[in-house]
Structure formats: C-alpha cells, structure tokens
Amino acid sequence: MTETMLEMGRRVLGEQPFSVLLGVELTLFEPGKAELRVPIGRNLMQQRGFVSGGVLSYLADNAITYAAGGVLGTDVLTVEFKINFIRPALGEALIARASTVSAGRTLAVARCDLYCMNEGRETLVAAAQGTITRVERGDPK
Amino acid sequence: MTETMLEMGRRVLGEQPFSVLLGVELTLFEPGKAELRVPIGRNLMQQRGFVSGGVLSYLADNAITYAAGGVLGTDVLTVEFKINFIRPALGEALIARASTVSAGRTLAVARCDLYCMNEGRETLVAAAQGTITRVERGDPK
Amino acid sequence: MTETMLEMGRRVLGEQPFSVLLGVELTLFEPGKAELRVPIGRNLMQQRGFVSGGVLSYLADNAITYAAGGVLGTDVLTVEFKINFIRPALGEALIARASTVSAGRTLAVARCDLYCMNEGRETLVAAAQGTITRVERGDPK
Amino acid sequence: MTETMLEMGRRVLGEQPFSVLLGVELTLFEPGKAELRVPIGRNLMQQRGFVSGGVLSYLADNAITYAAGGVLGTDVLTVEFKINFIRPALGEALIARASTVSAGRTLAVARCDLYCMNEGRETLVAAAQGTITRVERGDPK
C-alpha cells in the first residue's frame, strides 16, 4: 500500500519539531497547493492577546514550501518570502492556504493567504508571496 | 526608580507568550536598534535538523518591531517584512540584530541580520527588511 | 458631464511624464482593480533583448497604486512592494493586472500579475505584492 | 590591453536600451558592490513632480544585479526584490548603492540604498533587498 501525497506531507510535518510544538496540521496537499491549520492557544500570542506575527510568518513560510514542494519535488526550501500583516489575528484557529503562481525547473513562486477562523467565519489576516528552490543533493546552494 | 529602555523591552517580551515559549531574550534595545537571542533547542527545528525558517521569521519580525518601536514609540506593529534565508541555521544560539533605516512620523523601515552562534563563531543565516507603523490608540489601521 | 473613473485615471497617467515616456495606457480602473498596458519597443529592453526588469517593476508599482487608489482615495502612494521575475518578457505588449487583497482606513495590500502578450497569447512573466497608503494633505509620512 | 571591471560594466549598461533611455551611468563596479547614477529630468517624474517609483525600482533592480554579478559571474539575473519608498525623491540626481549581503554558488542576496543628490546633499529615498541567481547557459530557470 503506497502512501498518499497527504500522508507523506503529514509524515514530514510530524518530523518537524517546531511544527509539532505549535500543533500544526496539514489539511490539504496537492501539486501546487497546500493548507496548514493550527488551533490558536495562548502560547501563540503576543502581548496584546493576538496571534504573534511569528506564527503567521511560520505558517506562510511552511505552506508555500509545501505548495511548491508538491510541484518541484520533495527536496525544496524557501529562498525568501514577504508577508503583509493585514489585521489582528484572533479566534479558534489559523488557516494558511498556499498555491504556486509558477514553477520552473528549479525555482517556484507561491502565494499564501492566511485566515482566522472565528465562530465559524473566516477573516483574512495576512498575505504572503515567496520563492522556493529545489535542493540538489550534496549540492547546497 | 525608573525602568530603563532595556528593562521595559524585556518586560514587554515577557508578556509575549510565544516569545516565552521560544525562550527568547532581548539583549540590546536602544532607539533604532534591537538584538534578540534564542538558544537553539530541538524544539525549534525542522525535519533536517536545522532551525525552522519560522523561528528566523519570528525573530526578524520581532527584532525590527523593537528597533522601530524605540524610535516611533512603544505602540507599533509590523506592516510587512521580507526575509531571505541564506544558509541552514544550526549551532548554540540565534542572534537577530535589527536597526532602522529610516523613521518618519508614522512609518519606519528597518533591516535585520540573523546569525547563528556556533562554537563561538557567528555566521549570517538570514537577512530581512520590513515596514513598521505607529498604532494610534482606538484607531486600528 | 462628469468624468468617469477610467477617464480620471487616464488623465492622471497623462500627467506622469515617466508613464508617457514609456507609452503606458490604463485599460481598466475600478475600485480595487487596475490594468496597465504598454507596447514593447526596443527602448524598454535590457542587453539580452528582453523587457527590462525596471519596466516590469514600474508597471507593478503603478498598477497596485491605481488598484488601491480606487479604494483608499486618489491621494495614495506605494509604501513598498516586492516583485518576482518569473520568465523573460518579450512579445508585443506587457499587461499588468492589479487588485487589492485588503483595504483598511489608511493602508491597503494589493497584488499584481504581469503578462506578456505574444502572438495573441498571454504568458505570466512576473508577480508582485505591495502596500499602499493614503496620503493626508499637508501631512507627509 | 584588457578591459577593467568598470569598463566592462559600462559596456553592458550601454547595451541596455532602457538604461540608455533613462541616461543611467555606472559609477562604481567592484566584486559585491555597484553604484548607478541618473540625472533627474522631467521625463523621470510622476504627476506630483517627484521621481517615479518606477525609476527607483529600476535602479535598485539593476544595481543589485550588478553587485551580485561582480561575485556570481556576469551571467546573472534578479529573481526578485523588494523596495521601500522612504520619502519623495527630487533634486539633481539619483544614486543607487548596492552591495551583496551574501553570495553562494548560484544565489546571492544584495541590498541597495537609494539617495537623492540635492544641492550637494544626499538624502536616503528608498531601500531595497533582493535575490540574484547565476544563469546557466542553455539552461533557463
């Protein structure tokens, strides 16, 4: 029995101690698309009671890496990304939805929209765009 | 006895549950400058044994907010930032050094260089640039 | 007879000497949306015969400013933006399509996709995301 | 008699029709460093009488490409960059100073500070950071 793409993605996520620390779940993983979710607990907050920008940044970074990894191959890493924080994030959970804008042989561009789920309603809280590269074995950039 | 700028900055950091979770320390805080440090534990890693890009992003975001907050006033938030991941981060500790490039009445631009401390030697692992805004009370952007 | 939004946008574009130099045309202007086009002449190229990244950057910057200006008000300026160059741009014309991702009271986030029109076919050549702010009169940021 | 690095850089700049159109000059070119200058004429302006953000973006893009090209090799292109516009640009000339933050085998990160020269005084007007890649012949990314 072969592992599905989503199962493989979840296995890798489970091998990321920082993702495990934050309680992140991979809820969609298709070529060029990925969705990560994390329940919002007090641990993830900054001093004003909102989710830390660092959590949103982590989610955006990881989600675009997954989305591009589904196209470029599993051995990828994020070269860079930018994120706009749009409004304070609070509620029950965060959802990061990433998709590739383009993918070449070694580089991909992906975007990610980040939402708060609050009483069943999603609100956009951040938007990101970044560059992902395929890593060649024994060949660090 | 009045609180120094560094003491005030540390108090705020202590009020950020996510920063406490990561074990972050504010080691410098002057107008237009800030330095954050975090010991590298297994908790902060991704699947390859390097520090998660999310941790570097969190540090860059928080460090530029501090650096600009030291100029714009304490009530600030990061509008956006971009980060380049330069090489895998590993070692004993991460150091994020941020400084403002410019600061106007409501907006500031800051840069942050992130280093790994490994056996007493610092290596540049990431570089960031972002925009910080002053928050007006009762006046969310 | 009142000026339509598109007519107003074109009038402003005509008052931008740099846009006139490049031969740019505003082909759509609605609240939160704008499209700019420019015919590709030799003047816009770099040394390899492709469109200069500077032309793509100019188009992205101007298109997101228009898109956000249609929501925030006419007196806006771009705080910052990032652009990914995806593939070499060549053909008959460039098309920049921008739309707002969010718009608050003073800040907006917009994205722009840039295409080459080549023998009737559009190809994505760049993707941008940026931050736009409302300018208050007599109140430079 | 061999061509110096600066002479080579100027020759390439002279082969860029868009750079020639704008009247740009390469005033420094060393490994990891480049400086571009352009006299400010009415042609480069937007509707308020300031230099178009597109001109600043073009300069930042080209300057970081030069700075990284001096390290990675002459066949490079900018993958992406971000630019913060800090204050309105006006005066006699624009100066873009770029330097590499890091350079690996195929990727480099560079920053660029952009100044206006006005009555003999330089003022910072924009700050950029971007990613440059080496292009392999017959091997488009």
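Each chain carries a letter (A, B, C and D) given by its place in the written order, and its residues are counted from 1.
One rule holds for everything that comes next: contacts are C-beta pairs under 8 Å (C-beta built on N, C-alpha and C of every residue); 3 or more make two chains touch, one makes a residue touch a chain.
Every value quoted in this text rests on a predicted model; they were computed, and no experiment measured them.
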Quiz item: Which chain's mean C-alpha position is the greatest distance from chain C's?
Solution: B
Practice problem: Weigh A-C against B-C on C-beta contact pairs and write down the one with more. | Solution: A-C
Exercise. Give, as an integer number of Å, the spacing between the C-alpha centres of chain B and chain A.
Key: 21
Quiz item: Counting in whole Å, what is the centre-to-centre distance of chain A and chain C, each centre being its mean C-alpha position?
Solution: 28
Quiz prompt | Length of the line joining the C-alpha centres of chain B and chain C, rounded to whole Å | solution = 33
Quiz prompt | Multi-partner residues of chain A (each touching 2 or more other chains) | solution = 79-80, 82, 84, 87, 104, 109, 131, 140
Self-check item: Interfacial residue positions of chain D with respect to chain C in the complex
Solution: 12, 15-19, 21-22, 42-47, 52-55, 57-59, 61-62, 65, 77-85, 87-88, 140-141
Quiz item: How about chain C: which of its residues touch chain A in the complex?
Solution: 82, 84, 86-87, 101-102, 104, 109, 111, 113, 124, 127-129, 131
Quiz item: Quick one: in the complex, what on chain C touches chain B?
Solution: 79-80, 82, 104-107, 109, 131, 133, 140-141
